[in-house]
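Handing you this structure, nothing more for now.
Residue numbering begins at 1 within each chain, and the chains themselves are lettered A, B, C, D and E in the order written.
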């Protein structure tokens, strides 16, 4: 469904220095697939998502959705932003209803849908608050609700659960999966948690840094619903997969990092 | 209310200082053209009872209201456009600067030529006086909007028009309102100047009359009343500003200035 | 659009304006709106005279003094008003009153304070320019993101360090907008000060020419004034661009693709 | 601005200031007179001001010794007790009402836009006086237009039907090729010859303390006027010297007209016409009635100069 | 060392509604202790940290450091902000050197220290970039480096590793522990990861939401250096502790949350 070929993107900063965020990246995401994306910080995950969203002009390559090259942003896609990007002047409900409003949904209907999602996100009672009056995790959930509200065919999520606690994260994961089962959007989901990547994804895409490209695609052959223990325990397959991902990422890391390592023990 | 009360002592203090300085200076150095504070106060009271004043205010304010409304209706969108479209800005900037610096006395004859000496030219002049303030500040406001909000709006399918109304305008609003306050001040000045130089039917006529007769107290009383009107309008704009941009208190330092940790 | 973007915008825009002026001036054929060529001829005559040069020099000195005072005073007072509610409460009314008050009000006061010399003209320039700078600076300072100030205070920044390290940089875009307006106003103030109190410098020429229906001379002086202003504002904008390069672009067409 | 005040120099000479307001052709004899005094060794400074009110303020404060411009504000100031005296004439009544072609009399202006300067200005007062006297209840629609050039342009552009103009304005209007679009409706020089709208006035203390210098100034002024009346070319020369920016084409025509109508006569003031001028301004509500000519003017200098 | 008693803080929003972020909270942190803080999103962790930092005026209660009530912010404390709070006009190095500059450290010295820390954070090569030119995880690391640069006695860290990938997180954890062993600051460390809480903390403070207060203090009696398997495997004690934390937090969660739960499986 999403086909990306030879995608390259170089940023030039104000002093003329260049950073190559994406270099000849390729990725295919099937219709209704839930793809999770793992990679070291700064490898180009956000850039890739923004390219798919049609927000960032890229230097070369093609991005096609259903066989048609994308022309900027479209109503088929919605994105959850890593930095939330909430409108500071709009209340929680208005922020969540933002996409619906742009689509011309009538006031009563969009407010109802927004309120419902706000409650789903565990933010009932905060409907009228402004983003500046929320905690970090609450803001993040508003951003998620906003994207879910428009029921897109393609859902682009950039570390959507990074700022919430484990319990909330689990609940939100369940919510997201339930929604995915119901509406079957294609999801590209960036995360730093290998457990999360395995729990949610049909496949896990591993990105490498500089050159930023998809280094490996790992299929997750586990039946859904994927049972998860009540606690942090994990079944063997989980552990195996996450251990594999862990090793692969560490290899990539060691190739590229210049971190002065303490004893990695 | 508490905030009002907290400010009041300072306002009273500075007003007392101001009045005393005025009165003392006028007594020491004032002549025909510089009345004392109390003299002016008395004259203001007397003038307020004159129907002529109210008629003059009515006449003058027609141009003010119309002219400033046009300045807002044109200036805010234009400022936002300039902030948004680089190319447009580069071409329009020179003219904006020219508009800013051209002494209005110089364009009055041209205005008379084009629009006569009626309400139209007075209105036009008020607009010309105030619009630059609105445009320049609206443009500066747009530059302060977080670009990731524009990105977000685009990702939800916002067209350019919607980016304007839903992102740029609200985001720039604090700066726009600063421009509105400045513009209001300039519009009132414009209202007076146009009458001093052109058709002096309203308050400008009063000023010319009192000055010509060297009647300093009513002259300054007229000016006091005009300034009072301007201040009233500016406070009204402030009030609107606080209502429209209350959100900025959750993001701007202003809110924190009142107290610091105990 | 992309072709337009590469051309030098300001000269092109000015040239177009000049052409329009010439055409309308010729077509109208009225004495109070002579075509540009006539005005330029007159400007040439005046320049050849030499008196003009002295006037311009004199006016420029006034402008320089007035602008410098306005910017320094405007930013200092504006910051004080933006940072302290008390100062704002104490001064706000006067700032707005003086912003609005027509220069006519100041004329007798300055006249009695400074006589009809340079002092009065500089004072008029300051009156014209300073309040715009104050208002914008105060608003800019109040809009500084709270989380940045919080961060700085957590590292022990006191008011003295907060101002140069956080408040002023964050407020720069709006302050510069005010400076731009202020410099523009200062140029107007220069001409008006020379017209409305002491009749000297360029103001003298305008008054003289205006009294004898000599539109060409009036417009010639205006051309000089506008040229001065454009140079002054260009300097401001160059400074602005340097100082606010960090501001992420909301404008379209700012970068390549 | 006390630095501009009068000070004595060694050798019995004096340093003082003459203030002029936007000098036009009528003021050049005053400037020439100041130069004449300067040639006697005194230090005469010239200040150009934008408004007559500022000059009068300076006079009242003693910053300036002598000034010359509109009589109305000076009388207002005198009426309010300012130490100012009228000492000579600048130019006799030169005002006339000009109107659109076809405007024959005041009655044609009934309900029509009539441009005036502000209340209190002499031309306004004279116009209203004229309307009262000749129109029999038909009043035009007065439009106050502050700038005199704006007024002239408004007339030429047909925005107003009539307005009072000075000679130089009228000539300038003619020379811009619009003379055929206006016609003279009334001539105040003829109807109000005793009103002197522009006079020379001085600080009263200056006059008593420095009689000789004051006398020298007035005498020089009277002599300049006499020379102009002998030959209009003298005025042209003066204008060329003091107002080099003035349009060289118009000046001879304006000068000729001033001369032919004998408007320049600094010594023309008498107790009689000063009182008539005062009465006129009182009638126009510019000053309160009751001011006496001897309190407002010191005509001893012009008498001395004329003898 | 840090003694907090009866701390309460209520926010009043523009419509006069109130949210009680902290209600009679108490907490003692010992000298040189590494305390980790866990709690549901929106429970008041950030507010508590800001109170300790002296940034937020509180309604009642006392905060004493070394027996002295705090008077606003002090040079003894440094904070890593959840939203990074980087100066957008300052380069990476200048941002990191910000605290040093305020303390009057000479230019050469502070730049050197900043560059060193930038490298430690894995950002070598990005010294001259502006925050707007960095990825989310990179920005977060700049914020951490800035706090470490001033070598404070009290280090307040608000979800400092939330936006970086697992590998980087591990490296940064090692770096932080090494620094802590060396300089022995008192650390209050907010995290959403129970593994991280147990790995780093001498004790784990559990916060409950509404009322926001410290519900329980769990000592972590594990010797240091705490070995961690090369992969996601964990020793028994770890698992036990995290499981305990997990249960406690879930209990709190269930008391307070109104999330429309899908099947919690």
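Heads up, the rule we're going with is that a residue touches a chain if its C-beta (ideal position, glycine included) is under 8 Å from a C-beta of that chain, and two chains touch if they have at least 3 such contacts.
Bear in mind the structure is a predicted one, so any value in this text is a computation, not a measurement.
Counting steps between touching chains, the shortest path from subunit D to subunit E takes 2.
Simply put, of B-C and B-D, more C-beta pairs touch at B-C. Distance from the centre of subunit A peaks at D, each centre being the average of the chain's Cα atoms. With centres defined as mean CA coordinates, subunit D is found 38 Å away from subunit B.
Look at where the CA atoms of subunit B average out and do the same for subunit E: the two points lie 48 Å apart. The geometric centre of subunit C is 37 Å away from that of subunit D, both derived from CA atoms.
Within subunit B, contacts with two or more other chains are made by residues 29, 31, 33, 105, 109, 113, 146, 196, 211, 247-248, 250-251.
Multi-chain contact residues of subunit C (touching two or more other chains): 32, 108, 111-112, 147, 150, 195, 210, 244, 246-248.
The residues of subunit D that reach two or more other chains are 51, 53-54, 57, 61, 147, 149, 153, listed in rising order. Within the complex formed with subunit C, the residues of subunit D that make contact are 1-4, 22, 24, 47-51, 53-54, 57-58, 61, 63, 147-149, 152-153, 168, 172-173, 176-178, 243-247, 250.
By the touch rule above, subunit B contacts subunit C in their complex via residues 3, 6-8, 10-11, 13-15, 18, 29-31, 33-34, 83-87, 89-95, 97-98, 100-103, 105-106, 109-110, 113, 132-133, 136-137, 139-147, 150, 168, 174-175, 178, 181-182, 184-186, 188-189, 192-193, 196, 207, 211, 220, 223, 226-227, 230-231, 234, 248, 251-258.
Subunit E makes touch with subunit A in their complex at residues 11, 13-15, 17, 19, 38-42, 45-46, 82-83, 119-122, 124, 128-130, 133-138, 141, 159, 162-171, 174-175, 177-178, 192-195, 225, 227-228, 231-233, 239, 242-243, 246-247, 249-250, 253, 257-265. By the touch criterion given at the top, residues 1, 4-5, 9-10, 12-14, 17, 30, 32-33, 83-86, 88-91, 93-94, 96-97, 99-102, 104-105, 108-109, 111-112, 131-132, 135-136, 139, 141-147, 149-150, 167, 173-174, 176-177, 180-181, 184-185, 187-188, 191-192, 195, 206, 210, 215, 218-219, 222, 225-226, 229-230, 233, 237, 244, 247-254 of subunit C touch subunit B in their complex. The residues of subunit A lying in touch with subunit B in their complex are 50, 53-55, 72-75, 77-79, 81, 83, 85, 87-90, 98-99, 101-103, 130-133, 146, 150.
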